[in-house]
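After this come two complexes, each holding chain A, first together with chain B and then together with chain C.
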Partner chain A sequence: MPKDILSSNFFELFELPVSYDVDLNKVQQHYMALQKEVHPDKYTGATDQEKRLSMQQTSWINEAQATLKDPVARATYLLKLKGVDINLENETTMDAGFLMQQLEVRERLENIKQENDPLDSLEQMSKELKSASDDMMKSFAQAYEAGEIDESREWIRKLQFMHKAIKQINTLSADLEDELMG
Partner chain B sequence: MALIQIAEPGQSTTAHQHRLAVGIDLGTTNSLVATVRSGEVDTLPDVDGSHLLPSVVHYGKDEVHVGLTAQQYSVSDPWNTIVSVKRFMGRGADDISAKDEHYSYSFAETDSSVPRIKTRSGDVSAVEVSAEILKNLKQRAVKTLGDDLSGAVITVPAYFDDAQRQATKDAARLAEINVLRLLNEPTAAAVAYGLDTGNEGVIAVYDLGGGTFDISILRLNKGVFEVLATGGNSSLGGDDFDFVITQWIIEQAGFSNIDDPAFSRLIMQHARSAKEALAEHDAVSINIDAENGSWQGSLDRDKLNELLTPLVKKTLMSCRRALRDADIDIEEIREVVMVGGSTRTLIVREMVAEFFQCEPLTSIDPDKVVATGAALQADVLAGNKPDDEMLLLDVIPLSLGIETMGGLVEKIIHRNTAIPVAKAQEFTTYKDGQTAMAVHVLQGERELVSDCRSLARFELRGFPPQVAGAARIRVTFQVDADGLLIVSAQEENSGIEASVDVKPSYGLSDNEIETMLRDSIEHAEDDMHTRTLREQQVEADRVIEALDSAIASDGDQLLSEDETEQINKARQVLVETKSGSDVDAIEQAIKQLEVACEAYVARRMNTNIKTAMQGHSIEEYAPEQSLDAKAAEAKVEE
Partner chain C sequence: MAYGEKVLDHYENPRNVGSFDNAENIGTGMVGAPACGDVMKLQIKVGDDGVIEDAVFKTYGCGSAIASSSLLTEWVKGKTLEEAQAIKNTEIAEELALPPVKIHCSVLAEDAINAAVTDYRNKNN
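And then the complex of A and B:
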């Protein structure tokens, strides 16, 4: 168990090297072991102060697990550890070609219900975006391991766009399926 | 209190006192209470031997009836007989929809946002009605087990939102029950089932009760129950089955005067009986004979299935979404556990089996499985099983967010995030010179404020005027292990803060609860005296027991004859006083005995620590030391 949960970073918490590649089984194992120590259920008879501490620690462990499990969140966190904040909104400079592609995706999604087989189209789009985003992940990992901070940051910003689009597709598919079922 | 501390490290002092903790399934149709006794978990019956308590409350002229007695009034006095009240927990007046009009009782016109039901004993809220049910179960437990309750785990549908959870906790407070934890019903069922079979892997719990539907996907691994995703519908259940069958009967029979609540409740009862009978028979005859109309007809299983299929399909949609959220393929589901009385309906079992491609498990009584799981968790939380490896990791069912410009919702915590959780997000001002900001807290999946549930509003005021976009307002959402939310906001440049325990929108205010509690206490002062007396007597027994066991182990080595005599004297006084009924005298006698033992206790502790450290390396104690260090750090922070 790490010395102090609240001052450990997410990698230290699960005794992992700070890297894009993580062993998710190990994350899960450490997650379970830590939960057994700090979860509020273990402190029902404790003082209010201990209860509060248990809640803070468990919240931190939960956030750590969620962050390391999600590739984009993990990548963003890696840069955060290097003191780089991704989400500065006043930075809008971005690869124009990429932005055009994104706009096209958005437009197609807006009109997807008019297509012949919208569910099928959505599945196709989702597959394409996922495979493109997997490639971007690899590019990010390479840039990050090589210490190219600006480049890795650029990849994450693109990945965030991709992620949003994939999420939107999932929501749309769910809505459409419900309509068909309903 | 000093006496309890004289244990050998690593050993318990005296026989650990078993704390009476129960699990309560507060259901739409029926409620149950269960507890663990000498390692066995049982639901507790009432004096007539029946385990299920119908969740029905009747407000009579002079008294309130709960359960079967109340149910007997549902046809003769429908206006004052409240059924399915769980549907209205945490709901606002605006939520009472046309669908709810088939309940015979009527809602009072009030300016309050909390709907109140008209009864002859005045208007009552859903929280108060639920508290009556809880009080009844509490009494049942205390009577059966002969001891006072130290706490209860109360189950709620996993899909309950924050307002509904708060309302449930309020009801418990009103019934004077200490809530150890609000536990999601499917999780409770998984505990009962998982511990029963020792299964590992991913399972689905399909829970269709009287008024709510829940689906949960869980991973079981070495005593840890990890909820991966949960979904459902908090206003869909067996009551809706009864409703569509009732509508069908009305249509077939051509009844027109169904405004009479007694008549419509009679038809509803026929509908329910027909549904239940069709679980065993292919067709049933229905025979309605009343002043308002008569009808003879029959309903067969095919027709029933046709009526119910659209409702069951709705539940399967939620299942699909939960699987997607959990990122689990249907093939990965090892078992499907069926919970809730409505899963007895055959079409439900058939469609669930087809959807999950496996035969659903129905081995545990679907009515009792939730209370059973809750009792197991209550036993752990009460500290009766200090070495228990069981642990439940749950998630929040619906996303939480705040309103931003344009009536849109910005999500701060997404649904199916593991709890407890704390998340912060920064927002800024919209206009130059803005010095206040309204925080509107919402729950739900939709993008528009108007499609989500409003949980609370509060304002952050008095931060210094700055140009638009310069202020930095950090909004923090914290959800505890019960799934309840606290929101705070801080303007970071100035440090101005505001926070709110999310609750007042649809619950009772703290003041209302206090008043109600005070009223009930004033009427029950005698009860109070009996209770405090009993508490002091238990405390006296505990102190004597601890002392006896200490003296037996090292009294002859650590005490002089004179000291032994002093202690025995004080002990004798306590033994004599505790059989009387003077609470203060008993308390005094305990104190006297503690004073007499002071030196002895200190001597024992020193000896024990020395003995404990011999033959042990310091590392063995390191974890505890670091824990203490952490506790100390936290104190400094405050």
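And then the complex of A and C:
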């Protein structure tokens, strides 16, 4: 078992190398094992202090799992381990060409219901965005491994937009399906 | 969250929504806020005298981001490029009574007008 759960970083906790490429199956396996180990139910006869510790550990493990599973959160966390804090709130300007594409995606989504087969269009768009987003994750990983911090940040910012758009498409698809089902 | 009256007014009746075709006398500013995924495009049409004749915007984002860009397009009309660039996000935030968590929307608008002026200058020097 890891010596001290609360002082391990998320990668150490799940016995993974510090890298952008993570084996999500391993994340899940370690997550289950760790959760079992610290589960508050095991501490019925324990002191309040022990129970509190178990709750802190549980929430640390949950945070670790959520961070490692999410591509943007994982990338942000990797930079944080290098001492680079990304405050997205304060970062605005970006690659104009990329933003123009984002604007076009959103414009199209706005009028998607007027298209012949909106559900099909949404599926196509989702596929394209996911594949572009996969490419960006690879680019992030390369930039990160090469120690290119500024470039890494830029990819995180772009990924954030991509994921927002994908989320919006998923919501729209679900709404449309509901409408079609009557 | 409760939006202020002025935000709601600009959100429900946004002024100057639209696009200009790209031309010599048009400056385009594109900005985005990665934190919320908002995208803002602001364009200015500049007269021979260096005064902004018209301004339009397209914003995909929350009510405060839309209101900030709508208000800004109203303000910059009739202003010189220097005057437009002198507009501070705090003035927008104050006019719209934006809550602290929405201040970044006014920052986005300020960045957008600066980017538009820069784009115009790059095209015309």
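Keep in mind that, in the parts below, the second predicted complex is superposed on the first by the 180 of 182 C-alpha atoms of A that agree within 3 Å, B and C clash if a C-alpha of one lies under 4 Å from a C-alpha of the other, contacts with A are read in each partner's own complex, and residues count from 1 in each chain.
The rule is short, and it goes like this: contacts are C-beta pairs under 8 Å (C-beta built on N, C-alpha and C of every residue); 3 or more make two chains touch, one makes a residue touch a chain.
All of these numbers come straight from a predicted model, not from anything done at the bench.
Undergrad: Kindly classify A:100 by the partners it touches after superposition: chain B alone (first), chain C alone (second), both, or neither?
TA: Once the two structures are laid over each other on A, A:100 reaches chain C alone.
Undergrad: Look at A:18 in the shared chain and tell me whether it touches chain B only, chain C only, both, or neither; answer first, second, both or neither.
TA: neither
Undergrad: Based on the superposed arrangement, let me know which partner A:146 touches: chain B (first), chain C (second), both, or neither?
TA: It touches nothing on chain B or chain C.
Undergrad: Identify the partner contact of A:160: answer first if only chain B is touched, second if only chain C is, both if each is, neither if none is.
TA: second
Undergrad: Scan A:81 for contacts with chain B and chain C and give back first, second, both or neither.
TA: In the superposition, A:81 contacts neither chain B nor chain C.
Undergrad: What residues on chain A touch chain B, complex-wise?
TA: 1, 3-4, 32, 35-36, 39-42, 44-45, 49-50, 52-53, 55-56, 58-59, 62-63, 65-66, 170, 174, 177-178, 181-182
Undergrad: Residue numbers of chain B touching chain A in their complex, please.
TA: Counting only chain B, the residues touching chain A are 180-181, 221-222, 224, 226, 313-314, 316-317, 320-321, 324, 380-383, 389, 391-393, 417-423, 478, 480-481, 623, 626, 630-631, 633-635.
Undergrad: How about chain C: which of its residues touch chain A in the complex?
TA: 28, 30-37, 39, 41, 58, 60, 104, 107-108, 111, 115
Undergrad: In their complex, what parts of chain A are in touch with chain C?
TA: 88-94, 96, 99-100, 102-103, 106-107, 110, 156-158, 160-161, 163-165
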